[in-house]
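In the two complexes that follow, chain A is the common piece, with chain B as its partner first and chain C second.
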Partner chain A sequence: MPITDGRSSRLYAHLWRWPMPVWQLLFFLVPLCFMVLMSFWLVKNYRMEPAFVTANWEKMFSRGYFWNAYWRTLGLAGLTTLIATLLAFPAAYALSFKVSETVRRWIIFLLIIPFFTSFLVRIYAWQVILAESGVINAGLATLGIGPFTMLNTAFGTIIGYLTLTLPLVVILQTMSLSQVDRSLIEAAWNLGSSRVRTIATVILPLAKTGLIIGAVFCFILAFGDFVSPYYLGGSKPPTLSILIIDTTKSGQQWPRAAVVAITMIVTLLTVAFAAVALAYRSRVRR
Partner chain B sequence: MKKTTDQTTVSTGRRGILKAGAALGVSTIIGAPYIRPAHAAPTEINMLAWYGHGEPDMVGAFEEANNVKFKPKYYAGGDNMLALIAQSPPGTYDIILSDAEFVQQLNAAGYIEEMNAADYPFDDFVHSDFQKFPGHWADDKLWSVMVRYGHLGVSYNTERVSAEEAESYKVFWKPELKGKVGHFDWHLPSLGQISLYGGNNSPSPFDIDEGAWTKVQDITRSLRPQVGGFFDYGGTFASLKNGEMSAMCGIGDWITGVLERDGAPVASVVPKEGGIQFTESYSIGKGSEKAEIVKKFIQYMLSPEGQATSAQMAAYPGFCVTNAGMKKLQEVNMAEAQRTGQVEGAANHPVSLIKEGRIHYRDIPKQQSLEDWNDFWSEYKDA
Partner chain C sequence: MGDDLVVFDSVEKHFGSFTAVRSLDLKIQSGEFVALMGPSGCGKTTTLRMLAGLDTPSAGEIRLNGERINEVPAHRRQTPMVWQSLALFPFLNVRENVEFGLKMLAVPEQERRTRAMDWLDRMEIAQFSERHIEQLSGGQRQRVALARALVTEPSILLLDEPLSALDANLVIRMQGVLTRLQRSLGITFIYVTHSQSEAFAMADRVVIMNEGEIAQVGSSRDIYRNPANRFVAEFVGRNNILNGDVRAQPGQTGHNQRPVPDDCIEVKTSAGTFQAAFNGQPPGNGSAVTLVVGADLASVTAAQPDTSNHVRATVISEEFVGAVVTLFMETDDGTEFKVQLQQRELDKLELETGTGLWVSWDVANTHLIQA
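Moving on to the complex of A and B:
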């Protein structure tokens, strides 16, 4: 019997089509719906009770510390995205255009290696490096400089965010830049375009989608990270992820934590959709 | 065919195997008494506790002697503990180590079993208060047994803060410590200490009216510019050990004692304004099928050996609650007994401090809700 039989091939196609939607339904949509529902529940004596009240939303949205944490988290994640994008680009450019295929593969492999270890372990390592008695200050002390307070500050938090996101952004940018048609770059040079102008008018527009996707991933990871602000930022002042932990561990206020989480998800979806729309709209224009 | 050994005669023939199989099947079906052989898999005991209580240094000897295996689930903070229990089906935890102030809530929510006072050595307790500890008894019924305790005060780096300065909570506001004062990230101990600094020592730093509560909030806010961070258990250790923090609010010897053992230049003292006592007590989880062995474990923890072990717990030290335990500690580790004041006549003898009125039992807020205090803590962290 031929394997291209109509019914068999349709069944085969269905089999491969369904796992992803089913996975998303079970482990994203259903929990998300439950979380939205839970945000209207009440907590009495440390137990959640089904209800339909807006008290949790009113409570969280009326608290100054919630909005402060919101804007702070947005700002830190945005700043991290900007820094990571700017730092990653020269590296990705060099990997895409300046090194051999073999060297590129090895460097990408080296960029992946940090992901083999726990992020928490890497953050603890940063504590040793950033502490007042740590490696950096010890080095600066030999030059008669410092010590500088880096741990338990916003600087520490951003170092943590970059540890999490920078290798990924470099990889995504490299993948994107590698797809740029070399003949267009050469054409620009032949027409007398400078290197900077070639990057700005040829390479960046062609790689824009990938660069934006890299930035969006960076923002998403930084926005939701708990480890960096807690262990390198000293939870001072708190971000939204820390606020979720604080809210759940005190008084079993999962419904209020759900309000914070939903706010985060809505923010991330908005940013992601806006960024992707921007990336693809540019393409259509081109 | 029969195979004979020194101890047993085992039939390995086809009929023998069938007979054995049938016997096993029948005994399983009718639930016949089953004697656990010595080599059987150990009975698992699910424990909910602060970090360290289920580690080998604490439970190893008991596990070996009784063929049990503790499966600990750790928490930090009483409300965190209540949250974990509330999320779990009844009977999940066989034994619960609770901060004393939360026992009442465990009982009210029906999470723990009644205990028999005759099973435990209350007569040997080091202080009469501990025999009928607040919240552990309800309607003359026992619900929890105190097994260890500790005192919270000013914890400091001895190279940056003098012993005289540490005699008052005022040291937290010392200009040289700006950005170097840490908080253990739980509102009760920190706000309790600041309440004491504000003069709320009678009846308790946790039993304050609205005016006093407002004052506590104001004093706490004034400390915020000094604060270098809010830390969990591991972060508190790390920040004191690497010198990032020079003084810490909301902790005591339970953290610095461990670091001192490792040679770190840190210490804790009960300041002149008074200190807070944390009290740890064991309860038997509601619906536990292992209540008997759990009772035996609590008895072990209250035995002289158990108490001496507990006082030297690797994760964090605690005081002995029985006289026999204190004596045993002096026998096995006099240096630790002396360091913690658990010797007759010591100036920092824990029971003497209580009798002098310098120690206040940690409690939940009496005139405000826990939510009020927690809300303020979130606002304070955000400032």
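Moving on to the complex of A and C:
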């Protein structure tokens, strides 16, 4: 008897096909639907009751502190994306065009190492470095400068965001720049474009998609992160992620927290789709 | 033809322990069509890239218009190149690709457009000016690449195997386009190729390179008929190459008991003893020489010929290319002979594989390479 008759090979294919959709259904789609439903529920005497009222949405959307947190989160994540993209580019450029294949592999490996340790541990390390009596201020004090308040500020939050995102952005940008056809770069030099100018004339247009994808990942990670604003930003004023924690802790307001969460998801989806549309926008005109 | 436009003066290029070009001396005049030809890894592309500033010479000097350009960065050289891959910018349309070089020279937009359209018109692709590169055929892309390189009106154009990606018919057409273009512009073309037919069909002068060195420089005919060394004889054309040593000088008694004629020497090879013409001083008896006989200069007959250079050989196989047939033959001692002849001549011989025939060639057509 052949090992794979029609039926068993189909069974085998199904075995591999189904875990992923099932997982996504159980642990993503179902909770998501539940969260959307929950945003219409009521909380009475610290207990949730199934209902269908828009009170949670109206309440959150009419509050100044919600919108403050919203724009603040958007601004911080946006600024982080900008800084990470600009900081990563020279590094990724050097990794792609200036070093040997071996050196590039080693550095990419080194860039992955931070992910071996817990993000929380890395943030605690930053606390030690940034604190009023921390490493940086102690160093500056010997020069007679400072101390500067860096912990519990927006600066601290952004440092945290960058700790989370920068290695990833460098890796994604490097992968994208490494794909750029060398002969196109040389062709630009050959046609009178200086090395620096070639970045704008040829490299950016060719690496655009990868660079935007890197920025999108950075934005998504920063936008949703609560560790940085909590431990380095002092959680006041809150970002949306801090707002979710605060809302659930004070008075079991899970439905209102769901409103915040859904708003975040919609924002991220909008940003992601807009960025992908920009990244893959075709120049073909017929 | 005028002064030397390009001079390579003892130029060398090493990549780590690998020597790509060793001690290259070459002068190229303005208005010349020069082909650099050789097998892959012979240094021809590196030579071209050094001229364009894409590789820096390890030693020696390159001069353009009499000025040393070793340190001049690529973007200031005005040595546009047509790449093997064409290297057209996929994010720009046809017209924008052609305008690129002008844009880098800060030519105003209106003039840029006019000049680009003029060139597209000249290359007969003006109707595709707003098309995306991917929407063009191979031949059309070739023309875009040429227009892009020539729109800045350079005094020199570098071409790195530009036709190798095209099919055979298109190659012939583009060869015509290139030669006409070069003649009408009167500028220097330096054309790197591994294809003999391309080099010989287009170039005024062919430079044969091998292992980073120039093996021979000359006109197509010169290189084809008078190879300077064994490498060129093997690389170019289809030659029969016989190694041997000199046995008799003019006037001395040859192997057939008759005196060797004036301007001839007799050479003993493993296939037999043959006579060869020489220029100048004949090599002395006992010195090692190589005899080269073009496959198209040898002939086959059923009866033993009366000429001094002939040998009996057996047909091993035949190769047909249109009206021309190449017979691959072998002598009793295992020496291979190739003979090219017309299809209609072959029919008269009525031969079969394994047939024994006489291969013969004129003494005057026996090219002698010393040492």
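For the reader, a short list of remarks on this structure follows.
Note that the second predicted complex is superposed on the first by the 262 of 286 C-alpha atoms of A that agree within 3 Å, B and C clash if a C-alpha of one lies under 4 Å from a C-alpha of the other, contacts with A are read in each partner's own complex, and residues count from 1 in each chain.
To be clear about the criterion, contacts are C-beta pairs under 8 Å (C-beta built on N, C-alpha and C of every residue); 3 or more make two chains touch, one makes a residue touch a chain.
These numbers come from a predicted model, not from an experiment.
Applying the stated clash criterion after superposition on chain A shows that chain B and chain C can sit side by side. Using the contact criterion defined above for the overlaid structures, shared-chain residue A:Y231 touches chain B, although it does not reach chain C. Of the two partner chains placed around the shared chain by superposition, chain C is the only one that A:L206 touches, whereas chain B remains out of contact.
In the superposed model, more residues of chain A are touched by B than by the other of chain B and chain C. Of the two partner chains placed around the shared chain by superposition, chain C is the only one that A:W189 touches, whereas chain B remains out of contact.
Legend: residue contacts after superposition of the two complexes on their common chain; A:S250 is shown touching chain B, with no touch to chain C.
Aligning the two complexes via chain A yields an angle of 150° at the C-alpha centre of chain A, spanning the centres of chain B and chain C, rounded to a multiple of 10.
Shared-chain residue A:N45: touches chain B; no touch with chain C. Of the two partner chains placed by the overlay, only chain B lies in contact with A:G64; chain C stays clear of it. In the superposed model, A:A131 lies in contact with chain B only, and not with chain C. Fitting both structures onto chain A leaves chain B and chain C with a minimum C-alpha separation of 47 Å.
Residue overlap on chain A between its contacts with chain B in one complex and with chain C in the other: absent.
Within the complex, the chain A residues that touch chain B are 45-48, 63-65, 68-69, 124, 127-128, 131-134, 149, 151-152, 230-231, 233-238, 243, 246-252.
Those residues of chain B that touch chain A in the shared complex are 76-77, 79-80, 82-83, 85-87, 105, 108-109, 179, 182, 185, 187, 227-232, 235, 238-239, 242-244, 370-371, 374-375, 377-379, 381-383. Listing the residues of chain A that touch chain C in their complex gives 181, 183-184, 186-195, 197, 201-202, 205-206, 283-285. For chain C in complex with chain A, the residues that touch the partner chain are 52-54, 73-76, 78-81, 83, 85, 87-93, 100-101, 104-105, 130, 132, 134-135, 148-149, 152.
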